[in-house]
Structures are given as C-alpha cells and as structure tokens.
Amino acid sequence: MSTIELRGITKTFGSFVAVQDADLSVAAGEVVCLLGPSGCGKTTTLRMIAGLERATAGDIVIAGRRMNGLPPQERNIAMVFQFYALYPALTVGENIAMPLHHQAIGKAEIAAHVAKVADILHLRDILDRMPGQISEGEKQRVAVARAIVRDPNCFLFDEPLSRLDVELRHTMRSQIKAVLSNLSRATVIVTHDQLEALSMADRIAIMRDGRIEQVGSPHEVFARPANVFVASFIGTPQMNLIEAEFKGYGDGKATVTFGRQDVNIPAAPAVAALAPGRVTVGVRPRAFTVVPKDTADTIDAVTELIEPMGAETLIHARTRTGGDIRVVIPRDKKVKVGEPLHMIPDPMQTHIFAADGKAVRA
Amino acid sequence: MAADTSIWQRIGFHRSFGVAEAGWGRTLAVAGVSFVYFLPVLFIIFTAIKPQALALSVPPTLSPTSLFGLIPDQFVFTPTLENFSSVFSRVMTGGGQPEPTGFDRFFFNSIVIASASVLLALVLGTLAAYGFSRYPLKGNDTYLFIILTTRMLPAIVVIIPVILMFRAVGLSGSYLGIILLYTAFNLAFTIWMMKSFFDELSTDVEDAARIDGSSGTRVFFRICLPQVVAGLAATFVFGLILTWNEFLFALLVTGPDTRTVPVAMNQAVSSGGRGTDWTLLAAIETLFLIPVFLVTFFLQEHLLRGVTFGTVRK
Amino acid sequence: MSVMPPVPVPSLRTSPTLLEISADNWRLASLVGVVVSALAVAALPADVAFWIVGVMVALVAAAFVVNAYRRRYYGGLLVSPAIAVLFAMNIFPLLWSLGLSFFAYQSNRQSIWFVGLNNYIKVLTNDIAAADNWHALINTGMFVVLTVSAQMTVGFMLAMLFAKQFPLRKYLLILVLTPMMLSVVASGVFFTYYYDPTFGVLSYVINSIAGGQFILMDSKAGAVAGIVFADAWMWSPFVMLLVLAGLVSVPKYLYEAAAIDRVSAWRRFWTITFPYIRGLLMLALLFRTIEAFKLADLVILLTKGGNDTMTISYHLIRIANEQNKTSEGAAISYIMLFMVIVLTNLYLYLANRRTRES
C-alpha cells in the first residue's frame, strides 16, 4: 500500500523549531498539499518525508514501514525539486533514465521506459538536449518525467510550479493532476500558492510556524476554516476579519457590537457557550448582500476604493470604527466612492472566532 | 526524543543524513589524516623550540611534552625560546659578543616586497581584467593566452636577461627592481583569475548605471568591484603564498639591503661551514610562516569561493 | 562571454596615414621603433642598445596610449599598464634571451659574436653537452610524470576528505594547506634531515624495525622517491584546493536528487561531481606540470643532482649561472620552452575538445 503517515513529527535546528508535532496521513492515490506562507516548515516537512532531513522526534511511516533512520535511497520515493535539480552534464533522456539504473534492467528496457514517459509529457523531441538548452517549462516536465519513470512508494513535489509563468502554471497544473490520477500513489505537494493547492489537492494541510493548523478537503478549508489564520489564508480576496464584542446569543443569532453598533448575526448554536468578550467575525467578501438603508442588522461602511475585476467589482470600504472591509458585488451594481454601504452577511459564510482564534462551530 | 536516537547518533556517529554534511566521525578521520600530513611542519615548529644540542640527537626528540607519560622520556625535550632570540641576534664568531643578524630588516623586506608587489599586481591586473572582460580587443583570447603563457615559462628563461637588464639600468639590489619583477610574476595569474570573475557578473546593473549617467570610473568602483571582493581576496592569498617564498629571483636580483627572508635563511643556516644550524633554521621558518598562515586562515573562505571560477578556457 | 554593448561613438578622427607625423600615429612609431631597435642591437654594445630599445618601447607605447585615448579604446587604456609591466619584466627579457641564443656570449666576458643556430646544434647534438642535456631532460620527464601523478592523486583524495561540511573543518583544512606555505628552502633542508642516514627520523624508524643501516638516498630509486615524496607533500595541497573549490561548487540539491533517484556512488561521481571538477582538474594538471618542468630547488637541496637525479632546470642553472654559458643556457631554455608550450597547447586542446563533446 502506497501511503504516508506522519506521527508527531518535530524538527528543530538548534533552538529554532521548524516543525512541531505534525500529524498527517496520506492515503494511496491521494494528493495532499502542504500550504503555507514561506518559512512555515512545509518544505522541511517534505524533506523529512524524503529522508533529506532527519526528524528530531516522531515517526515517519511510508508504505506501512517505519522509515525514520533510513536515508532517501532506501525509502523508494520520487521527488520533484523546486529548482528541478536536473543533472546538468546529462542529456534530458539520460536525466530521465537516472532513477532506473538502480534496478538491474537492460538498456532496451530503460529506453522503453524513458520513451513512455517522454510521450506522456511531450518530451520526445528534446531527449537529446542538455538541460541548459531547454526552457523552464520543459525543465519542469523533465523533472516530473524523472519522478514518474519508476514506480515509487510515493511522490513528493517541492513548489513544482513556482518558477513558471502564469499561463504555463495553469497548463502544468492540469497536466500534473492528470498524470498523478493515473498512478494511485500517495502524493505530497508543497506550495505557497493557494490556487495551486485548491485545484490540485484532494486534501490540504495548512501550516503556520511549524504547526499544521488544519487538514481538510479544499471545500472544507474554504467553507469551514478552523481558525483565523486559515480563514485569512484561504480565499481571494481575503476574508474580512472584523474585531467585535460578543454580547450574547439567542434565537439562532449572536449579538455582537462593532464600535457602538449592535448587530444580530445568524450563528451556530455552539456560539451560545461562548462567554461575552472579544471575538473576530469573519465574512467572505462575496458573502455580503447590499441592502437598502434602514434594514435591520446591517454592517455599515463607506466606499473608499473601487476595483473592477471583470465579472465582479471589488470594493474597499471603511467602517465607522476605521476597519477595512472588502466587498465583492456583481458588476451591474453601481457604487460611487464616498457612498455609504449597508450590508447583511450570508449566515452560511459567516464565522465567529473566539478570542484564541479558533472557530466556534457545532 | 525517538527511541532509536542513541547517544552515538546524537554526537554525530550516525550515517550521514544531510547529503553535504558529515558529523564528528568525519572530523575524527580527517583530523587523523591532517595530523599526519602536518607532522613534518610540526617537527619544524618543535625543532624551533628545542635546545640546540638536541637538534641532531639519536633517537630524535619528538615532543616538548610527554603527553601524560604517553611518549617515552627519550623522545621528550625541554622547550626553550632561545632560538627565536638568536634569529635576531647571536654570536657570529667564536667567543665574541652577540651581534644583530639583520633579520628584522629581512622580515621587513619580505613584508614590504611581497605585499607591495602582490597589491600592485592586483591593481594593474584587475584593471586589465576589467578591460579584457568589458571592452574586448581584437584577438582578445590570443592576448590572454600569451599573458598566461608568461606564467608558464620556467623562471630560469627569464632570469638571465633580467639580471643583465637590471645590471645595465641599475635596478639590481633595489626595492623597485624586485617589486616590479614580482609584480610581473603575479600579473598573469591575477589577470586571468579576475577576468573570470568579471565575466561571471551580470552587466545589467552596470548598463543601468551607465544609462543613469554614472561615469565609467564610478561604475567600476561602485558597482563592479564590490561584487568581486571574494575574487580579490583569493587572488591576493594565492599571489602572497607564491611571492612570499620565492627564492630564485630574490637570490639573483636582491642586494644586501633588500634581501628577503628565504635568501637570508639559506645563507644564515649554511654559513660558517659548520653545516646546517637546524634549530635556527626552524626558528626562522616558524616565524616566517606566521604572517602568511594568518592571512590564509582569515581569507580561506574567500579562497574556496574564489577558485571556483577560472577553469580552463581558451 | 559578456560583451559590453559599446556605446556607439562616431569615430572622432580618422586614422593618420602611415607617414603623417602625429602623436597618435602608432603605425609609424612601431615601424621606427623596430628599425631603430634592430639597428641598435646589431651595431651597438648591449648596455647602450638597451637604453635605445627602452626609449623606442616608450615611444611606441606612448603612441598607442594617445591613439587609444583619442579614439576611446578604453580596453586598450585599461590593459596597457599591465601589459607594459609584463612586457618590461617578462616578454622583453624573453625576446632578449631569444636573441642571445643566436650569439656566442658568456656573461663573464665582454666578447659577443653572432653564431646563428650553432648553440641549438651544440646543445642538441654535441658529443659531451648534448648527452647531458638529453639525460637531464629524460630525468625531468620522469619527475614530471611521478610528481604530477602523486600530487594529483593525493590532492584529489584530500579534497574528497574535505568535500563535506563537518565540525572543525576550517581548522583542519588550514593544517593541510600549511605545507604549501612553507619556504622550499626550509622544507627542503628539513627533508634532508628526515632522510638523513644517521640522525634522520625515517632512518631511525626503519632501522629500529628492520635493523641494519637504512640510507634512502643511496640509490637512484631512493633518491627519486625522496624528491617526489617531498614535492608531492608540498604541492598536493594546491591540487586539493582547486579540486575542493570544484567540489564545493556542486549544488547540494543535485546530490539530494541523486539520493532520491538511488544513484550509485560510482555513477553519482562520474555524472554529477566530475563535470564540476573536470575544468579545475585540468587546470591543476596544467599548472603542476609546468611547475614540475621547473623542478630544481628540491634537487639542489636533497641530492645536488647526485644519484642520477639531474633535471633540465637544475642543469640550466648550472650552465647559465655557475658556468656563465649564457647563450648556451638560452638555447636550452628555448628548446624547453618550446616543449612546455607544445604540451600546454595539447592540454588545452584536449580540455576544450572534452568540453565541446559534452
């Protein structure tokens, strides 16, 4: 079984804790993205799975076997490096053939394997070129070809698309996804690009400061963020996180105060258990409905900046207490700078986070 | 801590994990090899602190300390600093008073001549390398090869006419003569090395500065030079090591006032027909080693980064 | 190679014609310089001719500089000071000694006369002299092969030892580099001590193990081994440093990729490491071969050419310096120089061919 399991993985460099107590399991055929800002420990986690870095504590289990003390050679894994790590003195074809030399197979068979992956990734015509003579996109495909040419326990990708331009990134994303779906191996992809994670992953693990903050499907992490960090990290434009004062709960609604304005927002019953005090209310920019003046329980703000985004319009507005709110409205809805906005948040896309940053949810 | 992390692994005796890093195990192995490799030097340094009478003892005395009884007494000597003082002042003729040997002057000469010529070569060579790199002449590569070739010539091919020439123009025995000679001796290497450094630099920043109206001089000093500091350091160290110990040129073109230490050392230890004065030789060499050792030690990281460039290209 | 896009400057002046008297007419200056120098060298005594040649060189150089400045050849301006020093201290003496090799001249006598190729014929074919020369040359060849291969092997292995980062590496590295920093005078003399049959460390060790009297320098094989060992000890660190520079320049991620791809150590070395050090290995080989051709100091100190260890460079020093046969020495120098240049070009040709292939 091609699975990866991390149990309480910790990595320290001197006194610096790079990864702390990370748990993660990747099933066979599943693609998990490690997503987070730079320096969050995602690459270190990947390198520990690969065996390029020794875990300070915890267990790494690949294909049902505990791999802690084993060097990369004995883990039978394939990895695509951020800078592709193509061997500069070898041709593209020889690069792809490199992982095959470990198995004692004949030249003809090696050539057949290379030809097969070269066809999949459209590299047929450049097999005799040197890595220095091919484009970034081709290098990326060669790196992927080198990884899939053999049959490893799992695949690891370290920021595989970060060096490509936007358009190429798009095509490569679907190409890699298509290739991976045929292989049914556990795959871990490290990225800092949420679009990449949301489109490629079966599940996403969001990391910050060496900790895994939340693991879930792309839908889950978007719709039910576990805490303020995940809420702010996933989704563009960023979720609005409004500081507020929690007053009480009743009738399926939470009463919170923004500045001096009391607003009743629909909220999960679990909020009832919350003691009155500071909370953060999270509302996606697309979750606001602009309503006429004098509607009850609106959040009010004044339009400051208008950014047309094509199909929709992004509005930066300022609340009376000085908070910045991003609102996305349909294109046909016209708003002028300086115009007051009255908005009601969609209850399904409104989250209440307690003072410790954790989402309050049933 | 995971159960398999034994005390041995904690201090480094595990299979190397990071691919470019090794633990204390490697240190121990390399220390053994390095120590054996260093032994002849160590012996010279120990000879420098030996009493003169023990210099040629049989069996040879090997260590100033018994290392807690590890080394048998017959191999142990009592250290002394006497040899260092006799480098600068000693009894020259039987029964006489100690006389100054002039070695302070020779050390001074060595330092002045080596640093002046290496620095001069660095200045001229860097300018030339910049010229070769940024304003290539017709037949640039041919010039570069000819320059490299001057370094490949046996010194003896050059030295006979140089002696004649120096005699004719009165440069024999002067500082200027030997400094210019050593400068030329270092130039080829400097030009070659610095050119490969300039070639590695991207010219984008320079072009931008030029478009902004910076003068050529300013571009060179403010933009180019700061980027090749590593190369300058590496070239300096290589040049220094070679110039510092140069013997043949110094023997043939320096006079009594400009004599450098290698020449003076050769004369001091073999004069008087009594055979080699071992402890004196060792003391001179030990003192002579210190400056170049320190310079190399402090610049060795640049040295490693520096020689990365400059592979055989024609 | 980066080529600075030249700022298109319209040629400010047209070049002067050959016979026009002008400060930037370098063609005329060169012509005058060559003719006057040749006449002076042929007709006047050496010490006067020297100054005339010197003035002519200065004249030609000035014309070049003025020309470069007026036409904005900055390349020429930047390069010329270095070229001037190299010319005065290296190239000019070389040309002088090339000239001397066609004359009969001894530095302790005043007489000098033209003999054409006689010196070359003498050093190559004369019954007495040529035999010694050829013999010394063959010895030199032997030393070149032995010392260079020893240095390359030891230097390479030392570099492999230091290739990885480990604790205290910096301090251990400087220990291995120290032999290169020693003065040949001191280390050479100390090697005579180490090899000394009565007092030396080596003999003491071997005597106490094997018994009897061990004298390393007693035979040709022993003497050669002694010289090669001392030379290799001193200069292996040079090779090590160059190779190490290549080794540390290999990006770490390539080794990581190789570990992931389960590449064997042997294949990893040849496909990843070696391409990075090939150029530097060739450079080390080149430099050390040229140095080995010049091997004289250790021979002088250790054997004084005894036990059939005379090298061509030491032989040259004897002829030119001790026997004052300057022009004969120059002839030998040029034959030797010719060989070194041929060898060098062969190296560069091979190195470049290998580079082009890959």
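For clarity, chains are labelled A, B and C in written order, and residue numbers in each chain start from 1.
As a working rule, a residue touches a chain if its C-beta (ideal position, glycine included) is under 8 Å from a C-beta of that chain, and two chains touch if they have at least 3 such contacts.
Quick caveat: nothing in here was measured; it's all calculated off a predicted structure.
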(request) Taking CA centroids for every chain, report which one is farthest away from subunit A. (result) C
(message) So, comparing each chain's Cα centre against the centre of all protein Cα atoms, which one is closest?
(response) B
(message) Suppose each chain is reduced to the average of its Cα coordinates; what separation in Å results between subunit A and subunit C?
(response) 60
(request) Let me have the rounded angstrom distance from the C-alpha centre of subunit B over to the C-alpha centre of subunit C, please. (result) 17
(request) Please compute the C-alpha centroid of subunit A, do the same for subunit B, then give the distance between them in whole Å. (result) 55
(message) Can you pull out the residues of subunit A that are in contact with at least two other chains?
(response) 51-52, 71
(request) Specify, in ascending order, the residues of subunit C that touch 2 or more different other chains. (result) 256, 259
(request) Mark out which residues of subunit B touch at least two other chains, giving numbers and ranges. (result) 19
(message) Show me the residue ranges of subunit C that touch subunit A in the complex, using the header's touch definition.
(response) 251, 253-254, 256-264, 267, 271-272, 274-275, 358
(request) State the interface residues of subunit C toward subunit B in the complex, per the touch definition above. (result) 1-7, 46-47, 50-51, 54, 73-79, 81-83, 85-86, 88-94, 96-97, 100, 107, 158, 161-162, 164-170, 172-187, 189-194, 198-201, 204, 233, 241-242, 244-246, 248-249, 252, 255-256, 259, 279-280, 282-283, 286, 290, 293-294, 296-297, 313, 316-317, 320-321, 326, 329-330, 333-334, 336-337, 340-341, 344, 347-348, 351-352
(request) Quick one: which bits of subunit A touch subunit C in the complex? Just the residue numbers, please. (result) 50-52, 71-73, 76-79, 81, 83, 85, 87-90, 94, 98-99, 101-102, 146
(request) Write out the stretch or stretches of subunit B touching subunit C in their complex. (result) 12, 16, 19-24, 26-27, 29-31, 33-35, 37-38, 40-41, 43-44, 47, 56-60, 124-125, 127-128, 130-137, 143, 147, 149-150, 152-158, 160-165, 168-169, 180-181, 183-185, 187-188, 191, 198-199, 201-203, 206-207, 210, 216, 241, 244-245, 247-248, 252, 261-262, 265-266, 269, 276, 278, 281-282, 284-285, 288-289, 292-293, 296-297, 300-301, 303-308, 310-314
